[in-house]
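One structure is given below, encoded as structure tokens.
Going in written order, the chains are labelled A, B, C, D and E, and every chain counts its residues from 1.
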Amino acid sequence: MWSDYLHLMKMEMTLIVILFILLFLKLGKKEWDAGKLLHFINILLVINLIFGFFYNTEGSLFGNMFRTNHLLALEKNILNLGTLIVSLQSFHWLKDHKHIPEFYMLLLSTLLGMFFMISSNNLLMFYLGLELSTIPLAALANFDLEKKISSEAAMKFILSSAFSSGLLLFGISMIYGTTGTLNYHELSQQLTGSPLQILSFVMFAAGFGFKFSAIPFHLWTADVYEGSPVAVASYLSVISKGAILFVFVSVLYQVFENMTTVWYNLLFLLSVFTMTIGNLFALRQQNMKRFLAFSSIAQVGFILIGITGQSSEGSAAVIYFILIYVFSNLGAFGVVSLVSAATGRETVNDYKGFYKNNKTLTWVLAISLFSLAGIPPTAGFFGKFFLLLAGAGTTHTTGGHANYILITIAVLNLIISLYYYLRIIRAMFMDNNNNPIEKVKATLSPNISFVICIVGIIVTGFASGAYDFIYSLVK
Amino acid sequence: MNLSLLLLVPLITLTALLFCKGLKQVRSISLFGSAVQFVLSFVLLYWYWKERASGNNAAFLFEENYVWYAPLHINYHIGVDGISVAMILLTSFVVLAGVLVSWKVETLSKEFFFLLLFLGVGAYGFFISLDLFTLFFFLELSVIPKYLLIGIWGSGKKEYSAMKLALMLMGGSGFVFIGLAGLFFNTNTVDGTHTFDILQIAQMHIPLEVQQIFFPFAFVGFGVFGALFPFHTWVPDGHSSAPTAASMFLAGISMKLGGYGCLRVATFLMPDAAQQYSWIIIILSCIAILYGAFATMMQTDLKYINAYSSVSHCGFVLLGIGILTKTAIAGAVMQMVSHGLMTALFFAAIGMIYDRTHTRQMAQLGGLLKVMPFISTVFVIVALCSLGLPGLSGFVAEVTIFMGSWERADAFYKVATIVACASIVVTAVYILRVVGKAIMGPLASKEFNLIKDAGWHEKLATGLLVVAIVAIGVAPFWLNNLIGPDADLIMKNISNGMVIK
Amino acid sequence: MTASQIIFYLIAAFILGCGILSMTTRKIFRSAIWLLFSLIGVSALYFWLQVEFIAAVQIVVYVGGIVVLIIFSVFLTQQSGTEMPKAPRKRMIASILAVLFGFAFTFSLIYKNNFKAGDGKFDSDISRIGDQMLSTGEQGFALPFEAVSILLLAAMIGCIVIAMKAPTHQQAASQAEPKENEGNISAKPNAQ
Amino acid sequence: MNGIPISHILFLSTALFFIGTYGMFTRRNLITMLMAIELILNSVNINFIVFNKYLWPGKLDGVFFTIFIITIAAAEAAVAIAIIINLYRSHRSIDVEDATELKW
Amino acid sequence: MNYADYIAWIPLLPLAGFVLLGLFGKRFFKQYSGIIGVFILLVSAALAFYTAYIYFFINGYEDGVYQKLIPIKYVWLQFYSGTSIDMGILLDPISVMMMVIVTFVSLMVHIFSLGYMKGEERFSTYYAFLSLFTFSMLGLVVASNIFQIYFFWELVGISSYLLIGFYYDRPSAVSAAKKAFIVTRFADLGFLIGIIILAFEGGTLDFNTLIHRLTDLQSPEYIAITTASFLGISVMTWALTLVFMGGAGKSAMFPLHIWLPDAMEGPTPVSALIHAATMVVAGVFLVARLFPVFSINGASLLIVTWVGSVSALFAAIIACTQTDIKRVLAYSTVSQIGYMIFALGVARYGGEAGAGYTASMFHLFTHAFFKSLLFLGAGAVIHIVHSNEMKDMGGLRKLIPVTHITFLIACLAIAGVPPFAGFFSKEEVLLAAYNSNKAVYGIALFTSGLTAFYMFRLYFSIFWRKEQEHETHGHKLSLSMKLPLIILAAGTLLVGFIPFGKFVSSDGRTLESPFHFEFSIAPVLFALAGISLATWIYKKESGRSQKLAAALGGFYRAAYKKFYMDEVYMFVTKKIIFNLVGKPAAWIDKYIVDGTMNGIAFSTAKVSGWIKGIQSGKVQNYALYFFVGIIVLSIVILYLWK
């Protein structure tokens, strides 16, 4: 019996153990050297990551409130990996920070929340996971304690998220009222698609949309990314977003299978708005973090297209894309974070002539941006291709060619997005600057993270293994 | 012959480049790599002929087929027919010449050669792909290196041009994607799944309604690459801002990706729609031919002249494809090869002139024959090729297209042919104008007296291309025999489609 | 109309009235007090519904915790007497329209919805709640309980870090650093 | 129950919800915005209890949901207030309109 | 006898010469380039003569007909079945004749150039170009396939371009070369389309098959091509007219003649070779080659006739007024080619009706001799005087006696004075015209008088008029320059006696052309009248020429200005093509097509600017948008899009 808990919840358990180790570290009298402490924590995260790959089985616990299987384990592993990368990249920033253990405790508790959310089989668990992954993040957003914008960002985040969870809860309460259950499996049988359920579904989806920044629920995103520490912004844009998208896919496919048309239409609209408006905003951004925020909004638009695929190809493509997105976006954020920690410069203009002094970093950023833009041979190309292909496949099964409109819009958006990615490339490689960023020295940790990202960006695409594996799990 | 070698050699070269230091190492490695590839493409030609001579009638030879993404039915499927062999030869010529021409690129030389050879990988891969996904992959692969090449090493309003080029080409490939996806989901293999495999799709009959929707996407998409009017505007700006080797590659190979794609994907796989939309294609390409030629007449910058003339010449490619007769298609392919070599050479010559005189404005040039006879001679040769002089490659291709297009009985096609023919006069006007002004005439500036003629690497580069142009022009039968049967095959597919309909 | 009904409507009117006042009054302190009344009203509603445990929790947590917290923070940040500024008129109008329309829309859907009813007996006995809360089996809520506990831990840590006086940039760094929220609230805000 | 149709109670909760929403849109003081959110959460709580008691009395899902919402509301309020305090320190104001450095 | 052994070398040797001299001449044997060129041409010419001998006297004549032999043929470019460009050699009387003329005249020019071009910096390049031209011309005349003709036609055009522009640093030479090429290119456009039509309708590009099919009134091809029509004119007529357009361009027929006078910017020996004896008769040759087809299409023959006769007259009139000696000769060439053309136009296929054909070829043959002689003579004069203008000359007869005599012979020949070659051929031309079209005959007769007049105007202006001695500028005519003059003069004296009809006729059968004494009286009288008039006006310096010019007034000025043809062309190209087509095209491209693309980008940026207000930085607005978003989406999904 106990072995079951240890076995099925091992990833959550590991996190909790690390959390408590950190808590004791903090409460202990000893003053730790920041560098050593960070290395120690990173090693813990590596162990956590490695541990996640073994002994994964299927099963459910707590009266079906918690379930796990290979796919969910994989999703959690992706998040673990992403967290590790974020942690490695924030080395320079954290080294001078007073609250290292607290930072990690908050970070890992949000990760734990995401795990609960992913493993949830019940709306209550989902809600708790969501809040657990949101509230500490708001605190994290404020971790640049001396900066005005950091607290502004945190304020915007907490208020927006509280409002959105209020709406989400209203939706959940109506769903509960009309079906009488919170369990996913029972819900899928009870839902009929009545008007009230549709309204509550929209509210429910808006809660998701808030987390993964679909337009018009995205407005907090850019402000929060810009104001938060880079590490938190990258965590928000990759891990938090990835987790909620994983959940979104499984909830849509499992719980709302009777309301396919409804959510297809909703996703159609959301993805059109998200891609287009996200891109239009990204066009004019000057701050790198803000720019990446809008670009990640646009990315979500593409992911939504993949979700409309309503097929195992679709959900595999989504998970696969998120894996790639982890590498690509973190590669980009990593460079921004490093430069920001070293020089405090974050605008696009600062990056003019970046190639002059920082060849390697430029290439890391460039390759990451290419991957985000979906340019071969980076994995981003494969990811986008599969997403759009999955989207294009939808209507084939339902007849008609309506979804090609969506694909066409997506393609036009790809061009716009290429424009702004190339804008950064142009700034780095081509533009002259009298005062280019000096050579930024990266230590071991960020370098490891860059290697992981670049290798990931290149290998994930070419080696079909990753996709095949995900597909086999989805199926 | 193992076709993957064609990708492997450049990839190994690229890897080797990563570890190089200094211009000398970099360029010698690049030269070596592209020379090996050059030889390899001739080996391919040899084996291809040998195989054909031994009676192998398969549509594609040296096929390799590995499953890549099984769930999506994506394979790494490669193989060549005569058309691809011709295009591969073209690519190896242009890449080798491009490396030689860039012998003295001092700024960021490693990156330069890396990107240049990277472009080559894209082209090789594109031409040998028999799987739509692989094809698309390689098509997009070649966009960004162009952007960087133009943006970093270019001249003039390079950032604008580079951006325009990248966006328009990306837009083109986006349309291609829609076409491919539509095609994919309307294929039904024996086991009830979809396929990206060109050979398999060619065997199927895609419903006409589907073709009607997706043919325009695919054709326009590739057409953007191939300078289809009115999507050609990236051509003049992109070509004129690019550094020499990049312009050579752009005009020489990159635009051919479009033509090849139109032929191999749009027309070959969706023959009925090709038939239906043929008139639009013809009108657009006729506009491109004549209008490109007239626009060229008004240009004053050498690179713009060649760029606009490329629009005009590539119009012939699309015309040949649009006409849909075997001869015209063969002509289109020959025009691709011919124009590829010719325009690469043209840009090489212009680049050399620019290097020495630091101007590309016709008004500031003159009498160059006196001070740099070699380069000027090359310039004249390529100019003559451009105006369709017999004995050089341009003539062969153009007359084949004319002959093929007159084959269609309809008066519409005849008028189109006449319009296209008329361009030979306009071409003569602008070509002789530029030759007369820049190469002949009195020496424009005393400073030009200090100019040195081409170095060995430049001579080698241009020599290679001249030899190729003359070889096609004097003995076109080998090229024609290489291409002809496959053009026939494409036509058969088209007529089969019509029969079924 | 029975007494129970009358009581309900009274409670409802009380809740809504206090809610509206809380959201419209210009004095922040009054606003907090109206909120307090409104929450007490909700608690009364729970009593009326005979879910005593929830009603108790409502009073303990909301009235005793959250509202107090809010009132403290009001004291901390505001001269309680001043009036709060109004929202811009454009947004005011937009909000009123959106909210009225949203209410009409939502309630019409709720009203039209034909709620099915399940069977079973409602039993919100405290012991049953306690059992289920710590049960790990079917109908057990041990896992959410654990999750919430971690959330509370994290929230606490977060509050401490944020509200703690940042050591740098301080004009007077001599003050002892409080470890608890409540303690912190009493500390004077520092000029930046 | 007690002769009150469920829709009346739902009217109450929905109205409370929209009152909160209105407050969220119009109250410029950060703390009052927080209060608005509390109202919203309370309306949801009423929903859950009512649904549980009136419609689905078999299990206590609604009641437990309410308990957890209340808990989380507390945690959320605590963090929010901490952030507001921090903001007040740096901005000397808790007017939401004064914290608009991040835009566009 | 197998021709193939050596016959291919006739064109290939000059090609080899071109490659050799072009690639290596300048660096390795600049001094000997001329000798090498001459030697190569000598071999080539010898082979050509030998071939002619074999053909005419040994194996060409079978069954009473000169056969069309194809000793060599390679498929060069296959289009569709039955239609391919073949590279081959077709031997028939006219191709053999042309081969002889080309190699012979080319040899003469090669030799002459040894002296004339001595010391030129690009000496070897010059010889390379000459060889290239010779090769192209030979390829043209032996073509067995209509596309082969086009192939070499263009090559001829380009070698002409290169040679005209040989003095590339003179802007006038460059623009003359450009003009020559573009005008002929324009004509070639017609030729090309004509070929394509013929090839498509005839189903072949091969001359023999094509002619066979299109002259067989029962063949499906013939029926198809004559019944199909475009704008009310049969496709056959279209095709032939278009083909003739190409020929007219190359042969500088009115109104496409404007390039020829300008082409005199090239070195004079080149003019002798290209613009007198060989290239310019390509048009005549082309019509002759396709004559069986032309002959059954009256309409196109009529066009041929009138174009020829108008050109003959028109050019002769202009020639009377020009002062540049080479231009005079150029117009005279146009005029003489006009003769050849209309001779073809008045002929019909076979027998006596084909006399015009024989006459045309005969005139072509003799004309090659005396016209190249004239040009080489002019070259010698220019070599001495260093000027092209008549006013700089006069009284040269003692200074360069050889040139004087040979020039006189040539003048007499072209004027049609017996017993020089020109007399015989012109007689036949006039006779043919007389027999079929009296109007043309009248024009021709008048023109022959004019010819005599302007030729002797030229002659007297150069060699008589003034008596003062010229400086020789240190130049003397070397042997290499005199020798060709003498040989050609001998040729001019002799070739008229060849019984031409025996060898060349429209149907390959022997055509007896008896000499009609009584018929020759009129032309000879006209010629003598012209000569006398010229003698009266120009032999001594007198005011007569000015008076005559004044008397003719406007007509003289118009003729002097070449009837303003250049201006018309200038107007069309500069004002219409450039300004009304080219500039708008460039403008549209820049502002409309490209502008649209840029406009899309611009408006995207604009929209991006408009919507930035959404991201106002105010949380409450965000919440409002959030809420409104939910409501709107719900309404859309609930009611609008189910």
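Here, a contact is a pair of C-beta atoms (placed from the backbone, for glycine too) under 8 Å apart; a residue touches a chain by one contact, two chains touch by 3 or more.
All values derive from a computational prediction rather than experimental measurement.
> Tell me, which chains sit next to both subunit D and subunit E?
A, C
> As a test of whether you follow the contact definition, which chain pair has the most C-beta contact pairs?
That would be the chain pair C-D.
> Of all chains present, which has the mean Cα position farthest from that of subunit A?
Following the centroid criterion, the farthest chain would be E.
> Average the CA atoms of each chain to get its centre, and name the chain whose centre is farthest from that of subunit C.
Here the answer is chain E, farthest from subunit C.
> By C-alpha centroid distance to the whole-protein centroid, which chain wins?
B
> Between subunit A and subunit E, what is the gap in Å from one C-alpha centre to the other?
That gives a centre separation of 76 Å.
> Could you give the separation in Å between the centres of subunit B and subunit C, each centre being the mean of its C-alpha atoms?
Here the centre of subunit C sits 69 Å away from the centre of subunit B.
> Just curious, how far off is subunit D from subunit C if you go by their C-alpha centres, in Å?
So the centroids are 6 Å from each other.
> Taking the mean of the C-alpha atoms as each chain's centre, how many Å separate subunit C from subunit E?
Measuring from centre to centre gives 101 Å for this pair.
> Where in subunit A do residues touch at least two different other chains?
Each of 124, 128, 131, 135-136, 138-139, 142, 145, 148, 151, 154-156, 159, 163, 167, 174, 177, 180, 195, 199, 222-223, 284, 419 in subunit A touches at least two other chains.
> If I count partner chains per residue in subunit E, which residues reach a count of at least 2?
Residues 601, 612, 615, 617, 619-621, 623-624, 627-628, 634.
> Do you know which subunit C residues sit against two or more other chains?
87, 91, 94-95, 98, 102, 105-106, 110, 115-116, 118, 139, 141, 144, 148, 151, 155, 158-159, 162, 192, in rising order.
> Any two chains that touch count here, so list every such pair.
A-B, A-C, A-D, A-E, B-E, C-D, C-E, D-E
> Spell out the residues on subunit C that touch subunit E in their complex, using ranges where they run on.
Against subunit E, subunit C makes touches at 87, 91, 94-95, 98, 101-102, 105.
> What residues on subunit A touch subunit D, complex-wise?
124, 127-128, 131, 135-136, 138-139, 142, 145, 148-149, 151-156, 158-159, 162-163, 166-167, 169-170, 172-174, 176-177, 180-182, 222-224, 226-227, 284
> What part of subunit A is in contact with subunit B in the complex they form?
Residue positions touching the partner: 312-313, 316, 370, 375-377, 381, 385-386, 388-389, 392-393, 396, 401, 404, 407-408, 411-412, 414-415, 418-419, 422, 425-426, 429-431, 464, 467-468, 471, 475.
> In their shared complex, at which residues does subunit E touch subunit C?
Residue positions touching the partner: 620-621, 624, 627-628, 631, 634-635.
> For subunit E, which residues are in contact with subunit B within the complex?
On the subunit E side, the touching residues are 75-80, 83, 85, 147, 150-152, 154-155, 158, 161, 165, 168-169, 171, 174-175, 177-178, 181-182, 185-186, 188-189, 192-193, 196-197, 199-200, 230, 573, 577-578, 581-583, 585-586, 588-589, 593-594, 596-597, 601.
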